[in-house]
Amino acid sequence: MPQPPTHSSSLDMAQPEPIDLSSGKYVKLWQGPQHPGITGNMSLELTLCGDEIVECKTHVGYLHRGFEKFMERRTYIQNFTVVCRIAVPEPTFNEYLYSAAIEELAGIEVPERANWLRALNLEMMRLASFLMWTGGMSGAFGLYTVPNWTLTYRDYILDLFEELTGARIYHMYIVPGGVRNVLPDGWKARALEILKGTEKMMREVDRVMMNNAVFKARSKGLGLIPPDMVDPYGIVGPNARAAGFKRDLRKDEPYLVYDQLDFEVVTATASDAYERAWVRQQEIFQCINLIRQMLERMPDSGPFQAQMPNVLHWKIPPGETYLKAECTRGEYGYYVVTDGSEYVRRVHVRGPSYTHAIAVMERLAVGTNIADIAGLMVSLHTYPPEIER
Amino acid sequence: MSLKDLISPFFVWQRAFEKPYTVGLKPIVERPGAPAYRGFHINMSDDCVGCGSCFTICQNHAIDMVKVDGLEAHGGDSGLRPRFDYGRCCWCGLCVDICTAGSLRMTNEYAWFTTNPDDFRFVAGMENKSWDGRTGGYHRHPDYHLFPPKRIEMEMLAPEESVASFTEVAKGYTEEQAKLEADRCVECGICVATCPAHMDVPDYIHSIRDGDYEKGLQLMYRTNPFPATCGRICTRRCESVCPVGIQGEPVAIRWLKRFIVDQVAEADYARILPNVEADTGKRIAIVGAGPGGLSAAYYLRLKGHAVEVFESQAQAGGMLRYGVPSYRLPDPALDKDIEHIRSLGVEIHFNHSIGRDTAFSDLLDNYDAVFVSTGLNVPSQMRIQGEDHPRVMDGLKLLDDVANGKDPQIGTSVAVIGGGNVAMDAARVSRRLGAEVTVLYRRRIEDMPADTEEIHEAQAEGCIFVTQAIPVEALNAAQSDQVTLKWGEAEMLQDPKGGRPRPVLQEERMHLDTFDTVVSAIGQGSNLDYIPTEISDQLQIKWGKFIPGDYQQMVLNKLFVGGDVANATADAISAIEDGHHAARGIHRFLDTGQRG
Amino acid sequence: MNTVDEILDYAIDQEQQAADFYADMAKRAEKGGMKEIFLEFSAEEERHRDKLLNVKQGDQELHANQAVINLKISDYLVDVEPHENISYQDALIVAMKRERAAFRLYSDMAEKVTEPALQDVFLGLAKEEAKHKLFFESEYDERVLKDN
Amino acid sequence: MNSMLERLSKEFRVTDITERHPGLTTLTADKDVAETLLRELRDREGYTHLNFMTAIDYIERGVFTLVYMLHNYATKSTLSVHVNIDRVNAEMTSIHTLWAQAWTYQRELRELWGINFPGSPRVEEDFCLEGWEEIPPMRREFDTVEYCERTFTSREGRGTVNPREHMAEIIFPNRGGDK
């Protein structure tokens, strides 16, 4: 654990020398809004001097659908179908946090079995999301074999989701009050089988990507995040853990059933793109392990939904809460304010990408080679829709 | 850079010898969705009741409720069906979860190709689709609910307690219970069409959720001036069609109605409820102060007409007073309703019998309109040998005696013949008078016309039910103060023409049982003898009942009829509606001279 | 009654008499609505008469072996005398009893005759009356025994 | 925790201190002391992590409530600092010097709520809207349905029938309560 950061140095906004485009020294280049190096739609307005980036400005809004606004017009139950769309590759965290916040404000106690099923879903989601990221990360460095492997296994996990929840991407499974369904017959066995395959595949990824001379050469030292940058920039999750911060909400402020599970927080020290990738690789194995633990220990019977009021005219007393969970990118949070009516007064969704993809990215990009900008971006693991909600 | 890191990536080549994931699967086979996949919608149109809950819950207005060829609105079914717009649907399945009838589900079909985008707007279950008949797909898990399927239990006196007195059995909801129960309503309004009085059920239930009981009372009085009464003894047809009851228990509409009335003091009625309009100078005579007559009186009086009610008995209420025992409908509740009607200036002439004290034709001559609601007060006779035995009495007389505080002297063993509400009342009253009670009924329990709740309570209170038992003769018993009933067992025979099965006596299986009293409660008929033949000859009367035209009007313009004597359902709420509708007709007739 | 035609003539006459009886009751009935009921009964009997006329002309056949349900309701009811102020319950009892009597008559006759052709006619007539009795008994079952 | 809250209420006149759940406390601070309070919380009390900042529009009270969510990793406690500011000419001191990510939030608040943060870098730039000419859309008076109906055409052939009204029309046209 590094010393508490000092705030002086890191707070300076990136202040590049004044850029005179007419000098002919610079080139403006737009990366995105459609670009495989950006997981989602977002653009980077880059100013280059030669191969080197001297200024990076981010532009978001391509995915702005005004979720927070129109959640104020929909009933509590209707909103649960909306929130999953705020982070496409990881909808489950939205479902869980929204439901948990509503439950806290409405005073609903969720049955134990639902908590296990929720945690199981969250870990499966983490696994699927990390697999997709692994593909993206290796692809950004020109390794196109790994994405084929990881996306295949991600699809197997989506098969499991499809069986359990009825959908592959927008599961809409975790609902205020509990979950919508229980594990189908034979599901556990199939899940274990797929986990086994995923684990084997990930060991191969370890050899092909993490121990690849090209990958190492290009990612080591790239996008260095000094520890004293972490708090001022609100950096969380693997990005912070790779900088030596042993912070994981599952461990620090356990929710659902995480206090009953056995795992260690993964940390690294070099805090570059390679270490961030390494932390995520370790967390994939950790995730598989957690799912196995849960499959073994979760109850097979009992209620999975709390006694619910009639959701068609569900009123929740005035209150506010902020709940958070550790998603693949770190602290994901839902701030919910109710005013006693049938509609939520305010929802604010705190996604880690909000700072990772804008303030952090704009700073780290400066001085980076144009060829590595995609790798840098992916190494921060960002999802644009959670920025603009 | 280590050598290992250079070689390691070549590990990829190992995969070249593995079985590929995707290629090689030829011909390409369609992969079906998972068994619980949320694919295209399917609606079992015969089960759907068109309640529109799917429409209400849809977060993206992807559903319209639309009229469909060949489906008509009728009791318990709006005749509307959901039409899906797949341009807006997000396949969340909330419509499936909320579906009250359980008719809506999703199939695991997920591929649909068409050249016309308008095809993607379709009425599920009413148009042929390639996924019709698919069994897989998303459906609501039976343990997963978006509204509480079970109703809030009404607290009742324990049978051993209830049988010992005439105290009201149902204790009424507490505010907390009422709010929880009111919460279960999905506000579809299907019940409104079935309620004979078309009460604004969803609206007054809504007022309970808002805690605005005065508004609730106002809403109820729009269609029913007997809410305290109906909140206790209504036949509640509404509950039989409540969509919430299809997969769970219907909303306890009756108890909620009672709850609202119980929250408002009678003294506040005048402030809350509408007042009488300006005097019109018209006079209206009403025959019979039962629910029908008084309902007409209330709505006519509100319009400013002078109303006089003629009642042959000493108190108002008709069957509610003399036919319904006080453990179901205590007098104070009935009085609360009646007193408000009287407080508006409705005049009631008690112990005044039309035909005896005033000629029927005088009413027609002296009033601007006459409303007749004289009910069914003549007990049907069994017409078996020995029916005139002194220990055989009819159920109405028993209830009447008890209501008037007379001891009917039934002894300690009583047989009640019949399966209607009067029979159940007679049986339960007899239990309260200390008798062992046997109920004999020609058919089966499920054929009994009595309210199921009453049947269950009678059973709980210790009444013994002997079904498929047909009485054939009443004989003198060994003791002069007893009677021996000869009855035979019956077999149920399916009527080839349909209808309920009919019992057929089995002569070889006859029984003789001796009782202190046999109470016959097999039904009631009307007595229209007060109408002189020259008038009745002009009227449409069948099976002892009036056949009214629109607005309850008879061929004689001035004469309007309603209640048990003019409808087939013969319950309080229908009488109330007849009275209300006749009042509407009379007002219209007096106002414009128009016939219905 | 020795020929089929003679028997049918008798039966047709009986139905006509019944129709006349109800028509007469309709004229005399004092209770509101009873007129229409007796007129309906009368019309019902006229339908029976017309059916027998058709049988006689060979347009329709009687079926001696058809199964007719016997609800046995009228068997255990007391006799009722028709009168001006008769109630609809009693009117139905009168009708049921009349049909029952006719059924018994034809059944007895069927037992007495030996000629199979005649026996068939009587049995067929008995079945017809049984059907009429069922009609009235069903009415009684539905309207009078509503709560029972 | 309690001693800290006591001190804050004394020194910074913070009010409405409410524990929402173990680990989450909300409090309200005056606009003029807010920046100092936040700095104090960060530097002296260990609330080094700004989870997010956002606003709630209390149009009925004429204020925006700015919400600063701060977290202390050591004590695992979260403070939600509320600051009410006037809805008219809404303006607030920028905290981009306290947290390097704050300028993004302030840019968003400026665009979607119309709250200005003078001195905040690039606060005038578009955030997620481009060419937006309506009032800031997160304000309560911005009616999304009205905007959609005005801006877009809906698909033809849609239209729903209310079951209750439909049944009333077909089954009991002249009955029920007076209309």
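For clarity, chains are labelled A, B, C and D in written order, and residue numbers in each chain start from 1.
The definition used in the following text is that a contact is a pair of C-beta atoms (placed from the backbone, for glycine too) under 8 Å apart; a residue touches a chain by one contact, two chains touch by 3 or more.
From a predicted model like this one, the values you see are computed outputs, not experimental measurements.
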Per Cα centroids, the chain farthest from chain D: C
Geometric centre: closest chain by C-alpha means: B
Inter-chain centre distance, chain B versus chain C - centres from mean C-alpha coordinates, in Å: 39
CA centroid of chain A to CA centroid of chain C, Å: 87
CA centroid of chain A to CA centroid of chain D, Å: 23
Multi-partner residues of chain D (at least 2 other chains): none
Chain A: positions in contact with at least two other chains: none
Residue numbers of chain B (touch at least two other chains): none
Graph class of chain-chain contacts, one of line, ring, star, complete, other: other
Contact footprint of chain B on chain C as seen in their complex: 30-33, 35-37, 69-72, 75-78, 80, 85, 87-90, 93, 138, 141-148
Of all residues in chain A, those that touch chain B in their complex: 74-75, 77-79, 81-82, 143, 145, 149, 152, 159, 162-167, 170, 172, 178, 180-182, 184, 204, 207-208, 211-214, 216-217, 303-305, 307-313
Chain D residues within the chain A interface of the complex: 20-21, 23-24, 26, 42-43, 48-52, 54, 56-57, 67, 69, 73, 76, 78, 80, 96-101, 103-105, 121, 126-130, 137-138, 140, 142, 144-145
Chain D contact footprint on chain A (complex, rising order): 4-5, 7, 10-11, 13, 60-61, 64, 66, 68-70, 72-73, 104, 229, 231-234, 247, 252-253, 319-322, 324, 331, 333, 335, 337, 345-346, 348, 350, 354-355, 358-360, 363, 387-388
Touching residues (chain side chain B, partner chain A) in the complex: 1-2, 4-6, 8-9, 11-12, 14-15, 21, 33-38, 53, 56-57, 59, 90-94, 97-98, 106, 138, 141, 143-148, 183-187, 209
